[in-house]
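Across the two complexes that follow, subunit A remains constant while its partner is subunit B and subsequently subunit C.
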Partner chain A sequence: MAKLKLASYWAAACGGCDVAILDVHEKILDIAAAADIVFWPIATDFKYSDVEAMPDADIDVTLFHGAIRNSENEHLARLLRAKSKILVAFGSCAHIGGIPGLANLFSREDILKRVYLETPSTVNPEKITPDPRTAVPEGEITIPVFHDAVRPLNQVVEVDYYVPGCPPTPAQIWNVVQAIVSGQLPEKGSVVGASEKTQCDECTRKKQEKKISGFKRIATVQPDPDTCFLEQGFLCMGPVTRGGCDTRCQLSGVGCRGCYGPPPGVLDQGAKALSAITSVIESKEEADVQRIVDQIPDVLRSFNRFAIPASLITRKVL
Partner chain B sequence: MTFEPKIVGILCNWCSYTGADLAGTSRIKYAPNVRVVRVMCSGRVDPTFVLKAFADGADGVLVAGCHPGDCHYIEGNYKTIRRIALLKKMLADYGIEPQRFRLEWVSAGEGDRWAQVVNSITEDVRKLGPAKIREFSASTLRAAGARSHKTA
Partner chain C sequence: MKRISIDPITRLEGHGKIEIFLDDDGRVANCYFQVPELRGFEKFVEGMPIEEVPRVVSRICGV
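== the complex of A and B ==
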């Protein structure tokens, strides 16, 4: 059998997904034995022009991580779509927008102003902000255009598979690689490397039917190590998050933040989280309920930390 | 063209829907802007319904159920109280004005109150103008970055 041609690309990403791929440790050698890596900016020296020179559908599988934030991200999404037989949205950002998606709560102008002019660590007396085109004596130089909003990959090009996670766990990455190598991928459009159930289904913490009269924050109170976070009054997005990560956050002592995205059938992870979280509140009095919910700072970002660009309402109305 | 608010009303079957019916049979005149969806209990109202209504172009959403203590299913509207309190915070985080969304208690005998509630939310939303939520969401989906940008 000819070796598989594999590519990995980062768009608006932190690099964590690439690190997670390397975290399969010595199995990376097995991947190298089964596949030729034809493009992987973080690890190899291929250029965009090398990809542009490839025939269409020449790459067998591209693992695309990162969201679409600027024109460069979008160009590479389209390019790699054309050059790949299978395009995988890899990690929360490509899957549902991820942490970069939180930027959809701000306007592009506010972001640029904050980053280039206002942050305490910025020294920019000439108030230079990025301009896509700049005239210099030698001609014109261009940089990517910063888009109005962040989008997951499938809002830009057709996606064949989704691997959730921020980042996907190495064990699941390995499962996905094996499925690819053995040609055992499921139906197109599927989420792979995750389960069809929720975090709660896999979580080993003790669950009773406990009702709470207030919320706590992990920074100020030590949670009991064996009891369900929600029943102790700590936020946990487990009820509205797809399983598959081996509940790594709950095992390390914090509630699930929701990075594996909504489970099958859930249209809006944040809205579902509202229902799930409020179901543990004890009170029936409007004023008391208000007191309790006011203990949750930043409701939207706590309840829909990873999926705003893939939700019913994809951005703040400005 | 004058702006006519489109408001989605989600009403529980036992109190508020019956109350709205009474407003009709009593021939009370009130704003025609609320499109009514009947659910068995206000406790059935998943926050997803409200976000979906806004995402699909509603300018306002009104959830109505039995007064606390009167729910046909005893506890349903207590659940509503808890959910809606959080939902209001989430809508605010989305930049949606609080006047666009309301939870109201309307009993089966309060046809006149139903008419008042509808008139009042319709006026509030009319003052605000169109919600633009659908347009904003759609602009995310479009290749949004074509225009060049400059900051102050």
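== the complex of A and C ==
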């Protein structure tokens, strides 16, 4: 059998997805035996021009991580879509926007101003901010255009499969690789490398009845190590997050923040969190409910930590 | 003036490109290192509860 052609690319990302792929350890040798890497910037020296020179649909599978933040990300998304038979949105950023998507709560101008003019460590007396085109004595140099908002991959190009997680766990990555190599991928559009249950279904912490009489912060109160975070009043996105990561945050002593995205059947993870978590507040008195809700730390960025660009409203309307 | 573009720089964390300009004798006249990426952590962590910040800024670089 001919070897598969495999590509892996990072758009607006941290590189953690690439490292998660390498975290399959010695199994990377099995991947190398089954597939030739034709483009992988973190590990190999292929250039954008090499990808542009490929015939369309030449790559069998592209694992695309990172969100679409700027014009270069969008160009590479379109380019790799054209060059790939199967395009996989790999990791939270490509799947639902991820951490870079938090920027959708601010305007493009506010971000540039903060980063290049205001931070205490910035020294920029000439008040230079990034310009897509800059004239230099030798000619012109360019950088990508910083878009108004962050988008997940499927808002830019057609996506064949989704692998959730920030990052996806190596065990799940290996499952996905095996499915690809054996040609046993499910129906197009499926989420792969995750479970069909919620985090709560897979969490081993003791659960009784969820009744929240107040919210606490781990910065000020030590949680019990064996009891459900929500039942103790600590925020946890477990009820509204897809399982499959072996509840690694809950096992590490912190509540889930939702990186595996919404479970099957849920369109808007943040809206579902608002509904699910506030519905277990132990009071019917409006003033009391308001007092308890006000204790939730940073509601918007807690309930929508990873999924703002994939939510129904996608961004703060400015 | 001859121009050589190295795009992207590879085998490191993050995005970068290098533009090299050569003079008529083929010697490097000037070169520019460019970082074509920005996500804006400096802005979007403002006002976040302090115990949440490590869980967010650990995604600046995952390598």
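Note that in this section the second predicted complex is superposed on the first by the 317 of 318 C-alpha atoms of A that agree within 3 Å, B and C clash if a C-alpha of one lies under 4 Å from a C-alpha of the other, contacts with A are read in each partner's own complex, and residues count from 1 in each chain.
What we mean here is this: a residue touches a chain if its C-beta (ideal position, glycine included) is under 8 Å from a C-beta of that chain, and two chains touch if they have at least 3 such contacts.
Computed from a predicted structure; not experimentally measured.
With the C-alpha superposition on subunit A as described, subunit C and subunit B fit side by side in the combined arrangement. Legend: residue contacts after superposition of the two complexes on their common chain; A:Q155 is shown touching subunit B, with no touch to subunit C.
Shared-chain residue A:D298: touches subunit B and subunit C both.
Using the contact criterion defined above for the overlaid structures, shared-chain residue A:D45 touches subunit C, although it does not reach subunit B. Across the overlaid complexes, the C-alpha centre of subunit A sees subunit B and subunit C at an angle of 120°, to the nearest 10.
Once chain A of one complex is fitted onto chain A of the other, the partner contacts of A:I99 are limited to subunit C, with no touch recorded for subunit B. By the document's definition of touching, of the two partners only subunit C reaches A:R217; subunit B does not.
In the superposed model, A:E109 lies in contact with subunit B only, and not with subunit C.
When both complexes are overlaid on chain A, the residue A:T119 reaches subunit C alone and has no touch with subunit B.
Of the two partner chains placed by superposition, only subunit B is touched by A:E74; subunit C is not.
In the superposition on chain A, A:T129 contacts subunit B only, with no contact to subunit C. Superposed on chain A, the gap between subunit B and subunit C at their nearest CA atoms measures out to 12 angstrom in whole units. Within subunit A, the residues touched by subunit B in the first complex and by subunit C in the second are 70, 105, 112, 146, 298, 301. Against subunit A, the residues of subunit B that register as touching in their complex are 46-48, 50-52, 54-55, 68, 78-79, 81-83, 85-87, 89-90, 93-96, 131-133, 136-137, 139-141, 143-146, 148-152. Contact residues on subunit A toward subunit C in their complex (touch as defined above): 10, 12-20, 41-49, 69-70, 72, 98-100, 102-103, 105-106, 110-112, 114-115, 119, 130, 136-139, 141, 143-144, 146, 166-167, 217-219, 254, 257, 297-298, 301-302, 305.
Within the complex formed with subunit B, the residues of subunit A that make contact are 70-71, 74, 104-105, 108-109, 112-113, 116-117, 127, 129, 131-133, 145-151, 155-156, 267-268, 270-272, 274-275, 277-279, 281, 283-284, 286, 289-290, 293, 296, 298-301, 303, 309, 311-318. Within the complex formed with subunit A, the subunit C residues making contact are 1, 3, 6-8, 10-15, 19, 21, 29-30, 32, 34-40, 42-52, 55-56, 59-63.
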